[in-house]
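Dropping the structures in below, format is structure tokens.
Common to both upcoming complexes is subunit A, partnered first by subunit B, then by subunit C.
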Partner chain A sequence: MSVGWVRRHGVAIVILGLAVVFPFVVSEFWVVQIGISSLWLAIVAMSLTFLASYGGMISLAQTALYGVAGYAMAILTVENGVNPWLAILVALLLTVAVGAVLGTVAARTYGIYFLMITLAYGVFAYYFANQARQITGGHGGINGVLAPSIGGISLLDRTNLYFAALLAAVLCYLGLRYLVRTPFGIALQGVRDDPLRMSALGFNVPLYRILAFVAGAFVAGVGGVFAVWYNVRISPGSIDLTRTVDVLVVSVIGGLYRLEGAFVGAVAFTLLSNYANEFTDRYNMLIGVIFLVVLLLSPGGLLGMWEQFVRRFRTFVTRLKTRDGGREAREKG
Partner chain B sequence: MARGVRSGFGWQLVPWLGALAVAVFVVQFVGRKAVADPGQFLITGLNGLTLGGLYFLVASGFTLIFGVMRVVNLAHGGFYLLGGYLGWSIFRETGSWALAAVGAAVAICAIGVTVQQLVLRRIQGQDMREALVTIGVSIIIADLIIAFWGGAFVDIGRPVALDGTVRMLGEAYPAYRLFVLLVAIAVGLGLWLLLHRTRAGMIVRAAVDDRHMVSALGVNVELLYVGVFALGALLAGFSGVMGGSLLSLSPGEDGRYLLVSLVVVILGGMGSLGGAVLSAAAVGLVEQYAAVYDPTYSVLYTFVLMVIVLALRPRGLFGREA
Partner chain C sequence: MQKVSWEREPGKEETLTQSETHRRHGWVRTGAILALAAVAAFAVACGGGGGQEGGGEEPVKIGLLATLDGPFAAFGEEAYRGAKLALLEHGGKLEGTAPRDGVSGAEVAGRPIELSYESSDGTPDVALEAMRRLVEQEGVDIAVGPLSGDEGLAIKDYAKTQPDVTFLNGTSAAVQTTLEDPAPNFFRFTTDGAQWMAGLGPYVYEELGYRRVATLAEDYSYPYSQVGAFQLQFCDAGGEVTEKIWVPLGTKDYASFIQQIPEDIDALYVALGGSDTVNFVKQYDEFTGGEVPIIAGSSTIDQSTLQQLGDRMVGVPSAAPVGGALDTEGWKEFADAYTENFPDALPAPSLFAWGYYVNMKAALQGLAEAEGDLSGSHETYNEALSNLTLESPTGPIKLDENRQAIAPNYVFEVAKRDGTLVNEPVKKIDEVDQTLGLGVEEYRSLAPYERDFTCR
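Moving on to the complex of A and B:
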């Protein structure tokens, strides 16, 4: 770790350090309601941000996919008493399999068609969860999904669950960052920018999009596992249209074009949803208005706004400097 | 659009064979049920068609807006539900069903034009942003409904003249259901005449094919967009009252009609009226038969229908290159 490495990743190190110290300096309420809640939401939103920014696919099926993982966890551990580790494995494999099937059908479409089809997936999943009582427990869902222990460390303890979620979020983030730098990731970005040309170059365009969708499904599934541990239950209400829109709102508010945006959006969203009721009864209307304003004013979301601000500030500073420099030069001459 | 290099093996045939297998299974299954109880089979079919009629009323506005403006109006379900609730209030105040239908349609039309002018026009031509923005609008509408009408189930009730039953196939059939079907047919015919026999319709059809060319030929595209969006919203508001009298209304139902609109457009193809008729009828029939023969998993059948059509024709039954 050279000085250069530290300097390049300074912001990330500081944020990660704050995230590690966070549970020791705030109350339990903050750790649970803001911390864990933001983290699982960020993981799910990150899967959408990844698909949108690197695959050009805005998928509204991510809630359906995290629902698959969540329901699988609930059914396996609560109703069949399966070992939690095996349950996690099966749940994630199932999510990936479902993602592969859904992705295969949707991957041949682009842009708003893809958006429409994945939105249909999401709504179908909600109605299925509501209807198929024998599998999903119907409207009431499945209750009492308890987090397991890892080597004597119980995830039922909220601080431990927070660190587990933090670890998962960081791993998902690093994994996706690694993925987009591999030859696969580079080709995926080519597919996003010009599918026709990539196809002519011999790349199997639908396959790349399907694989990206599967990677997104995996990350959404990880989010689903933590969501079900956090809520201790899962029901159709956890994957309804409102939830689907919430995930989209998180991604858009944070900034759809960078993975980090998911974290920014998740924290902003969670803070808002916890404190908005202190000044308004119409929380969803507030969310809707904020979403509209962000979309209309800054498609890059909060991260985009910040970067715009930094850029403006820099040009302002350089302009000041050059103006001074110019005057000095003239005076000397 | 883009396709990779194909191997010699006939992978293209896989979806067709799958569809064939599903079709054979469905035909023999439904056939056996039909023979076992022909009365139930026919009544279910009629229920499916009337439901399909309602679905066509909802989805026609959605597909019209999408076809002409490339705007996926994800607030369409919200427009429907808000129209239904407004109709319910008007009906309760005045006692006139016709007034409720007209009032709701006009009100939603006005709201639609407001949304189009205030929000969509600013980002015109950026289809993805437009779609996302309409999600924001739908959140706001859903919350407005809860603010004004609470979370209760609401049933508008049928107009007095249509509250009875008609004897059909040896059974008493609700007259209102047939009315829905007739209205859907009338609206379908009206839209067809509008699109194929008037100058405005000619422009709309031309815009579905190539809106840039239409604008280059001197047509006022702004006006066209306002008109199309107004008509689509009007249809959504009107079908809200139709649907609120056929089935009940409750918060969250907007998702159902949004799903129906999406599936109808995905199945039928962008902006195609014929496609919308066919796929609305198909969705209605599949949903009703599934609800009767396999109620626990009925939603799966509509899903399978969508997947099969997408696998065979990614642009829908009557879809063309955008």
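Moving on to the complex of A and C:
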């Protein structure tokens, strides 16, 4: 950890430090409803940001995928009393398998067609959850999904669950960051930019897209596990179209071009949806207007806005410096 | 040299102006921050002062959770109206008729009542988040809500984690909420979806002579309990349910379901939402000529259904805990207070206004009997609620050992009076308990109300 490393990752270290201190300085309500809620939402949104920014795939199936993991957790632990760790493993494997099947069907389509197919997945998952009563418990869903303990540390304790979610979020982030820097990730970005050329170069384009989709499914599944612990339940209402749009809004508002955007978007969205109704009855409209304003001001979302600001600030400072420097030089001269 | 000084002058001038603007901006910013701080300090001071002055006694915070988004939004507005009517009886004044307009000045046992609102979209996840805001952010002592059955199950589970807060139901009517594993601090002064059917089965068997009935209902938990409870009592009276048909929520074309309805039935039991009823009955009558009598669930018939279907509906029986045409003294008073305070609302208070009214009224009456004592984990208050006998608009309500209402229920029949159709009460069943008189052991031993619920 050289000084250079610290300087390069300064912002990340500060943010992580704040995230670690967070539960000790705020009320329990904030730990749960802002903290944990933002984190699981961020994990799900991050899977979408990853697919969109590195794979060129805007997927509306991420809620369906986190629903698969969530329902698997609920069914295994509540109704069959399976060990929670085994349940997590099975839930994530199942999500990955479903992701592979869905990805295989969708991978050959691009743009609006990909969007439509993944939207169909999302809607299908909702209706399946609603009507396959024997499996999913129908409209009421499955209640009482409690978080387990790791070697004496109970995740039922909210602070512990917060740190578990934080750990999972950081691991997912580092994992995806690593993935996009591997040869696979580089090739994936090639596929995003020019599938025809990559195909001509001998890359199996659909395979790359399927694998990316599977990686996204895994991350969404992790989000699903935490979502079901946070809500203590899952029902079709947890994966309906409103939730699908919420995930898209989080990704876009945060900035659809960098993984970090998902975190920014999730925090902003959670704060808004918790506090907007204190200002007006039409709080959904307020959220919509803020969403529009952010996009109008900066297509890169909040993160893009921040980067624009930093860039302008830097040029401003450099200009001041050169001007002052120039004056000093001139005065000396 | 000349050239250099010539260049230097404007340069100097520019830097001067710029630093000047900077200084000015700095002043503006400092000023703004100071002003903001002053405003904040003022607000804090006022807030604190207001709390101190409010009647000497510490206020009781009551949180209200209903559904103002999504498909149940109109019901949510009714719910808020009902809850506020209960506050008006304790000296409250409406600050407006919109859902979130407050009620000021209400006072119980010398303690002023502070009301805060939250809304869900009808899904249990959102209801839970909203309830967390009320309890953990607003710090309410008493919470009233939610509106729909699945939300109720979620809130009951949450209540167990918050033993220092007392929860009263809104209108959620899932049977399991209080029957299985009830929460010690969740009170339901309204009856459940199965209790709402009480009396209908025996009535159609004995008075209308129906022996063989088929059912058609929406495919989710609430109609399951409605159909199940009707079936239970109809079978016990001696009747037979020959076929049960379930349609997905939101179905518009009923042709394929109508094909499944057997022909040799005396009547068809229908549990659909208002406008779906109209759709279905019209399509069904095209097939059968409109001759098969209909039996309706608690929310199958409303005023607009009657208007659109007209004389076809005359004689249709149903059962519910309330109805616009109830003629008890208490109901008339309640209905008058409703129209007087909310002139732009419905012609008569709905089931949702009634349910929230009853639960809020119980919350306040319990507080009066506990003399405002909310110390500890509300032991005195919860005890008072458990022993309360509430004089409600439809008759006396008390609680069983699971804190579930024992209340009257009514059988209604559509009749034509002076050219308009009204849903008239024809029979009152007193003291309907959650087990429909079967006792807890026996009632629990029956399968929970699912699609495949069968007669004993």
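We adopt the following convention: the second predicted complex is superposed on the first by the 317 of 333 C-alpha atoms of A that agree within 3 Å, B and C clash if a C-alpha of one lies under 4 Å from a C-alpha of the other, contacts with A are read in each partner's own complex, and residues count from 1 in each chain.
Just so it is clear, a residue touches a chain if its C-beta (ideal position, glycine included) is under 8 Å from a C-beta of that chain, and two chains touch if they have at least 3 such contacts.
Every value quoted in this text rests on a predicted model; they were computed, and no experiment measured them.
**Student:** Touch check for A:295: first (subunit B), second (subunit C), both, or neither?
**Tutor:** First partner only.
**Student:** In the overlaid three-chain picture, which partner chain does A:284 touch, first (subunit B) or second (subunit C), both, or neither?
**Tutor:** both
**Student:** Touching A:120 in the superposition: subunit B (first), subunit C (second), both, neither?
**Tutor:** First partner only.
**Student:** For A:240, is the partner it touches subunit B (first), subunit C (second), both, or none of the two (neither)?
**Tutor:** It touches subunit B and subunit C both.
**Student:** In the superposed arrangement, which partner chain does A:232 touch: subunit B (first), subunit C (second), both, or neither?
**Tutor:** second
**Student:** Once chain A of both complexes is superposed, is A:196 in touch with subunit B (first), subunit C (second), both, or neither?
**Tutor:** first
**Student:** One more residue to check, A:306. First (subunit B), second (subunit C), both or neither?
**Tutor:** So A:306 meets neither subunit B nor subunit C here.
**Student:** For the three-chain arrangement built by superposition, which of subunit B and subunit C touches the greater number of subunit A residues?
**Tutor:** B
**Student:** Report for A:131: first if it touches subunit B alone, second if subunit C alone, otherwise both or neither.
**Tutor:** both
**Student:** May I ask you to decide whether A:257 touches subunit B, subunit C, both, or neither, giving the answer as first, second, both or neither?
**Tutor:** After superposition on chain A, A:257 lies in contact with neither partner.
**Student:** So subunit A touches subunit B in one structure and subunit C in the other; where do those two contact lists coincide?
**Tutor:** The overlap between the subunit B and subunit C interfaces on subunit A comprises residues 131, 133, 240, 242, 284.
**Student:** What part of subunit B is in contact with subunit A in the complex they form?
**Tutor:** Residues 1-5, 70, 72, 74, 119, 122-123, 127-129, 131-133, 135-140, 142-144, 146-147, 252, 254-256, 258-259, 262-263, 265-266, 295-300, 302-303, 306-307, 310-311, 314-315 of subunit B touch subunit A in their complex.
**Student:** Within the complex, which stretch of subunit A touches subunit C?
**Tutor:** That would be residues 27-29, 32-33, 37, 130-131, 133, 138-141, 143-144, 231-233, 235, 237-238, 240, 242, 274, 277, 281, 284, 323, 327, 330, 333 of subunit A.
**Student:** With touch defined as at the start, can you tell me which subunit A residues reach subunit B in the complex?
**Tutor:** Contact set of subunit A toward subunit B: 58, 105-106, 108-113, 115-117, 119-120, 123-124, 126-128, 131-134, 195-196, 198-199, 202-207, 240-242, 245, 248, 252, 282-285, 287-289, 291-292, 295-296, 299.
**Student:** State the interface residues of subunit C toward subunit A in the complex, per the touch definition above.
**Tutor:** 4, 8, 11, 15, 68-69, 98-100, 118-119, 121-126, 128-129, 132-133, 136-137, 149-150, 153-154, 157-158, 174, 219-221, 248-249, 450-451
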